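Reviewing the structure listed below.
Which chain is which? They are A, B and C, in the order written, and residues in each are numbered from 1.
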């Protein structure tokens, strides 16, 4: 029983990170048909924002020293800010461009951010000590679960609930959902394009900040590549979940996290290093079964 | 009724590969005559990239599907050639898991090149049987998943691939001329495919899927053919690369090379062969220039140099700026050609984006 | 003058969809735009709505120059566009679809009034207001998008092919609604229809497009007597 519980929490907490990442990617994809390959670098940027620029192995914590009730909003704000600035400076001009151009531009942007971080912080991972007391286990029904996992799961649920409420109950939320489904039609009804897009970028950036905080606490390391694995899965989850569907992306994120953890547990020992190969094969299978996504909105078929 | 004979597609468009190969040949000659050893290595690497990106173009440009997976075929080709050419003594130690036939093999470079490239093509065909059923972004994600699968397998199958450690001992045979040959061969093959029935049909399917299907185009089949050919070409690039470095490692065929080569393709112009070649040459040139500037150029009394790390940032910024002003890439899909015809003009629906053409008045 | 299109030319890449096209509309008018497939009718509507920008020429709505304005700006001026294919937001409920257009007016009381009035006009929408719009039938979707357009309090509704894909009986209902709106609320209607029959039945002015150019103009009923209509539609006067 305790083993099952531990696996469950593992799966949920890994899934949470992927779900938050997928949501960040899906928000922007929904309104702009843009896969933001810079998202992983936004995450890394938020982590390093806590440190003072230095090339040493030991990190000099700067903003990271703020008390949690200040640190969290600051990092979320930095993430949102970076994201919105990229929209204004880079992506705004490319609103009508073809998908390949937008993808490569976002990749180039990520590349630039990555190298800025490299310049100021070097590629050596730095040890950081963020809320390390959170890795202590708590007892839940006989199982010892790291407190951080519990907090991650709870925080993710809170964030998702808040977003759902916002999207369903506010006028602006309805406008954003409409814009994600059919941007041009939404504009023809008076929905302001710029505001919706900026909001999407802002929320996406703030989500990147959340992930940064979770990863930094979880791993105790600041590494300029740390956002990459999350972004890749987020990208995949957005597509499997169904383009234009925010809840699809979230569910797919949890699914991939779950499958990943389950495989880790149940695969025979020799096959374990190949776990990722199995996960990605499952992705291909999912796409063959439902290419439009598991939860694609009903009006997403191409009209002749 | 007109009685003049229309020139064939070949006659109309053959100037393109001729110009492209001629340009590359010029670079090769100049390098061989005047370049230092180090410069020669840089040019060799560029030619290998041309082969890779042209290989990618064969599928991506003609089908309109962005594939993230082609570095996987490069990997397959590279390791394939490694298996065939590393001295058996070394293989016994490094790669104990190889089958006896492979473990004892020691082929010449050219034979290995052909076999390994074909092998990559066969794998591409097998994978393509499954993947080519998908379209659009689902297809792109599937190719990315394929790359991840290949990378995971090669990174973890120690006895056969050496896992994440580098496999050494590959005879170094790729120099400026061999890599030029590879690039030229890729251009020729890509060109011939492009003007073939399959290539034309695939492009029709790219621009107007429904109309093409209604006209009897089997998009699945044409995509499969393109995917296979492009897999073989990328495999060839992988072989050239393996024999250039003498060392292979799965990391060299994963995200880094994928994105740099896709960037070169898109910045050059995704829908044209000229775009593929120009993208590689131009970006390689800019990278070289920035590299030199980082080292410092003597200006009068002092040295003018850029701070470390600026080089990569600058190339990223350059790419962003180019795409902002030319969203269809530098060539916008057009081909370098001596004749201006419909076949070369570069009109591609995929390049046009969502419908607002820059010709129309600017809109907020 | 409600709407004035002056000499616009619209291109998609190398394709010229509209060439030196002009058009005027007065308040309260019903104008039909007809013509064969690919004539440029949808392009015309998209230009007016701000979705595509003409290369040359100007468009004035309520005497204001709307060239270069984004679609949301033009919607705010009182022009509501119902594009071809209906475009309901399938993942939103019917009520959410409707209140979308009301967002820009900001007045909650008025929005509630407008909503009630739309439900009055289309009772079937009221019955299913919390269902997802994706499950509606074609005819119901057409009602929804007209209702949605009404929520923006427009003076002019531009509709692209309202009868597309609908059974004749349903089309009758749609046109009944449209003529009611015209007669009871004084709404101006700009309707694109491939079929000239509907134009004749509903009555109003008609312009015909072919290959991006204006080929015929006049009162629908007048034009339907004689061969002028067919000749212009099929291009009989050219060889």
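The criterion applied here is as follows: a residue touches a chain if its C-beta (ideal position, glycine included) is under 8 Å from a C-beta of that chain, and two chains touch if they have at least 3 such contacts.
Source: prediction; values computed, not measured.
> Busiest chain-chain interface by contact pairs, anyone?
Of all chain pairs, the one joined by the most C-beta contacts is A-B.
> Most remote chain relative to subunit A, going by C-alpha centroids?
Following the centroid criterion, the farthest chain would be C.
> Centroid from C-alpha atoms only, then distance subunit A to subunit C, rounded to Å. What do you get?
41
> Provide the C-alpha centroid distance between subunit B and subunit C, rounded to the nearest whole angstrom.
It comes to 48 Å between the two C-alpha centres.
> Just the number, please: Cα centre separation of subunit A and subunit B in whole Å.
30
> Name the residues of subunit C that each touch 2 or more other chains.
Residue numbers touching two or more other chains: 51, 70.
> Of all residues in subunit A, which are in touch with two or more distinct other chains?
Residues of subunit A touching two or more partner chains: there are none.
> Listing for subunit B: what residues touch at least two other chains?
352, 355-356
> Looking at the complex, which residues from subunit A come into contact with subunit B?
By the definition above, subunit A touches subunit B via 37, 90, 93-94, 96-101, 103-105, 107-109, 111-112, 115-116, 118-119, 228, 232, 235-236, 239-240, 243, 273-277, 280-281, 283-284, 287-288, 291-293, 302, 304.
> Help me check something: in the complex, which residues belonging to subunit B touch subunit A?
66, 130-131, 133-135, 137-138, 141-142, 144-146, 148-149, 152-153, 156, 210, 255, 259, 262-263, 266-267, 270, 307-310, 312-313, 315-317, 319-320, 323-324, 327-329, 350-356
> Over in the complex, which subunit C residues touch subunit A? Could you list them?
49, 51, 70-72, 75-76, 80-81, 83, 85, 87-92, 96-97, 99-101, 103-104, 132-135, 148-149, 152
> Going by the contact rule at the top, pick out the subunit A residues touching subunit C in the complex.
Touch list, subunit A to subunit C: 171-172, 174-175, 177-178, 181-182, 184-193, 244-245, 297-300, 303.
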